[in-house]
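Both of the next two complexes hold subunit A, though its partner changes from subunit B to subunit C.
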Partner chain A sequence: MFRRIDPEINYNQVTVYIDGHGVAAEPGEPLAAVLLRLDCPIARKTPISAKPRAPYCMMGICFECMMVIDGVLSRACVTAVQQGMQVERQCGARDIEAWKHKK
Partner chain B sequence: MDKYSTIVVGAGIVGAAVAFGLVRKTSRVLVLDGNDIDYRASRANFGLISQQGKGLGMPAYQQLTRQSVGRWSDFNRQLSALSGIDPHFEQAGGLSFCLDETEFRKRDFVAQQLCKQSGGSPDFEMLDRADLVRLLPDTPLGPDVYGACLGLREGHVNPMRLLLALQQAILRRGGELRSGDAVNTIRPVRHGFVVETARDRFGADSVLIAAGIGTTALAAQVELDIPLTPQRGQILVTERLKRVLPLPASGLRQTREGSITIGFTEEDVGQDLGTTVEAAVVMSRRATRILPMLRHANLVRQWAGLRVLTPDGYPIYAQSQRYRGAFALACHSGITLAAFHAGELASAINAGDLPNTLAPFHPRRFYVQKN
Partner chain C sequence: MRHTVDLAIVGSGPAGISAATEARLHGLSVLVIDEQPAPGGQIWRGVERNEGRNHHALGKDYRVGIEFVMALRASGAHYMPDCQIWQIESGFTLYCTRKQDSFSVRAARVILATGAQERPVPFPGWTLPGVMTVGAAQILLKTPGEIPSTPVWVAGSGPLPLLYLTQLRRFGGRIGGYLDTTPVRNIRNALPFLPQALRQGSELLKGLSWIAKLQFQGIPTFRNVRSLEAEGEPFLKRLHFTYGNGKARTIETNVLLVHEGVIPSIHMSMGLGCEHSWNEDQQCFVPVLDRWGHSSTPGLFVAGDGAGIGGAKAAVTRGRLAAIGAALSLDKLRPAEGERFSAPLRRSLDRSLASRPFLDQLFRPREDVFSPPDETLICRCEEITAAEIRALARIGSPGPNQLKSFTRAGMGPCQGRQCGYTVAHILASTQGRSIGDVGYYRIRPPFKPVTLGELTQINQEEMPL
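Moving on, here comes the complex of A and B:
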């Protein structure tokens, strides 16, 4: 959806894994920004109507960018990327009991 | 100057419910509402339709509550049909969880006393842990849950959708509603009243003041003394979760969309709308004792609202002695009483007089009787 405006500059790269796919990112940048550079910027599907949602406010108050980040449901826009971060898109209302058993 | 049969001051749950009842009976109703930044108690309502613990020592209030709860289903049907909005009403019972034997005994005692006071109405049932687990097989109750009191006729509704439905129904039935038009003065005149806002002036045969905390100042202008204090209530809201709580509980309920709302505070802090970490801790502690899985749930909101408290906690329904067309009302349980407000109360106001059955709710009860 979005692209870097300074692609020539070579930042130190880290790799984050979004639904299993490795994606290059700049250490410390918000995960939501990384998501918005993908062809599919969807962060989750809503619990009631299963509609796709992407990061919106980019400042931590709209909760549209909630994703499971290293096993914890968090807001992608206020989470800084780190090497090897595991990110999953959430579909539907959270089932805490099922999540506990998976752990 | 536009003239109306009735002007309702306040379009919150109370004002809107009475206005909804009035537009079905009377020709011209105008509802005047304040501003978004006013102290709007309706946004601090938890959404419970409840009877537990209400009216011990005040049989008239117990009776009023029973009556309204009994009419809620019909009220919901009429409201949904007229407004086209579903307020997410459910009435399959409501719980008060008890986290030790002491809490259980207290609730049991109150339930029995209420039953006696009403001449044996079977409204409540005490459930021990085994009963609870049978009633809620898919709810992961914490080990501290000793039992609960079940209010057999209780339920819940989405407070915001209810308010929207009421306001929409008022408009669809030809009533008028003006927001951001707070009333400053109510002046009795020869054949009724002149109501003034910052922008406008209106005439009416009768006036109903349901302006929450603002009722005191306005009611004084028609010689009604309505003592009220604000009570702060804080609410926590979680992310949307798969259904785990099928029945509403006191201070804990899961909305239709899946969010769990937690509300346990009753604070006397004046007109302070701040939220506190202390309250979040207290509320979280109790909620996670009832449902330990909530420890893993994300909180997405915490907010505070100022609710309306009368000196004894019971509603006030008053009609001005000198100006018979002026009425004022205030209550804490605006949602439980909404069916009554939209039904019998609206009829009475339309007919011009409060019935004698509401005499126990007159504010003269707060003062030493002189004669």
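Moving on, here comes the complex of A and C:
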């Protein structure tokens, strides 16, 4: 959906893992910006009806970009990328059986 | 862990930075608490990081931010990034979380400088991936430096869409078209205020030059646009709209940026019980403040766009005035000194706000921004439609808080930031009341999400900053 202004310059010095897939990213950039460069820019599927949502406001007030980041549900747009960050998309409402299984 | 300061400032945009540097001049100990990872707020976002890069295309108003941020760094004010404040108790004690560590701050005075947000503009399909605000796109331009990879369509009204399109052009972005939703009658209504606005001459001329540049670069432009309807599965694929005197049109796009003006961030000032009044011209609630920016809550000041939309220059001045007000109230300044320091600031503020009446009329939001079609999702978080709200609005005249209880609208993570005004407008028009009468959701802490672990971690061990 989005691309770098200057793709010939490589600012991407770290790797973050989004649903297990390694993605090159620039240290300190907003995680939501990394998401928007992917083929699948979806951040989550809603708990009510499992509809896909992607970043909308980029300033922390819409909460569409909530993802599980290093184990904690956080907004990707106010989270600065760090090496080895583990990011998971939430897909629909939490399922207690699936959660028990993960434990 | 607990820290103690004279003055806590929430936010590090033009107002927050200016309040901090001014307060330091008068000997106050200052802590600036920022949700973002670096100073600058939204308008100067990423300005330190972008200094070495060739981003002159962002313009002079952006680059001036680096001087302010450097002044903040050199001022002796403490600066804490990545912090979320979830509660402020009177006295004051601010409760914050930073990367899952919670702590508290005791401050004798607080200045809220949380800025503005874009007015929510619900329309069918606005929750589709690919629909974003113009502000979001501009943030991406600054951090980390991204533009839409396909030709972008922009729909809205106000100076920001024009600024963004101008900047995007400079960066080699492709523009599909501009859908101007400004109602034609606004121009007539704004003209009487033009002479006063020209006192602030250069700003207005700058805006007009953006419009001229766009016209000459042959960007498809549609005027008097209404009835937006976005469509696509699973991402945005096309947009339907009407223009002119009601002609219908459909365009294909994967990225749509929308904007219908900015409104003060009132979430915290409302949550802290400050009195607010309804501003009919700007169609928003504004905190009731005295000439120093002091709110109805003792010791709590509001500065910047959160005090009322006025732009960056006005925010800088309001920040300084609030800091002087705080210093006066702590007896760090004598009243005569306060008057002497503030007099030129007040004149500057008058000049900065001279074009507001003109701009407020020119870009006054059209009625249908607040009365979207029935199938529109009003509450994005809980997926509540306009139809559901209208149906319940007719039964027993509920206010926003009862409506929240009935539908869960406003109970999602955004806490009503995206639906509060639309719900209030729908209630007002369905029930034949004014917005001021209907009111707004009752905002309660936590102001940002906080885990139980973070809540229990707070201890009272005093630590120096």
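To be clear about the criterion, the second predicted complex is superposed on the first by the 92 of 103 C-alpha atoms of A that agree within 3 Å, B and C clash if a C-alpha of one lies under 4 Å from a C-alpha of the other, contacts with A are read in each partner's own complex, and residues count from 1 in each chain.
Going forward, a residue touches a chain if its C-beta (ideal position, glycine included) is under 8 Å from a C-beta of that chain, and two chains touch if they have at least 3 such contacts.
What you see is a predicted model, and the numbers here were worked out from it, not measured in a lab.
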item	value
Partner chain in contact with A:63 - subunit B first, subunit C second, else both or neither	both
Touched partner set for A:48, first subunit B, second subunit C, both or neither	both
Partner chain(s) touched by A:73 [first = subunit B, second = subunit C, both, neither]	both
Subunit B versus subunit C as contact partner of A:96, first or second or both or neither	first
Partner chain in contact with A:26 - subunit B first, subunit C second, else both or neither	second
If touched residues of subunit A are counted for subunit B and for subunit C, the larger one	C
Touching both subunit B and subunit C, residues of subunit A	48, 63, 66, 73
Interface residues, subunit C side, partner subunit A - complex	35-37, 42, 49, 82, 100, 117-118, 127, 129-133, 135-137, 139-141, 143-150, 171-172, 234-235, 254-255, 265, 380-383, 412-414, 417-418, 449, 451
List of subunit A residues in touch with subunit C within their complex	1-6, 11, 26, 28-30, 33, 36-37, 41-42, 46, 48-49, 51-64, 66, 72-73, 77-78, 80
Subunit A to subunit B touching residues, read off their complex	47-48, 63, 66, 73-74, 92-100
Subunit B residues touching subunit A - in the complex, by the definition given at the top	140, 239-244, 257-258, 293, 296-298, 300
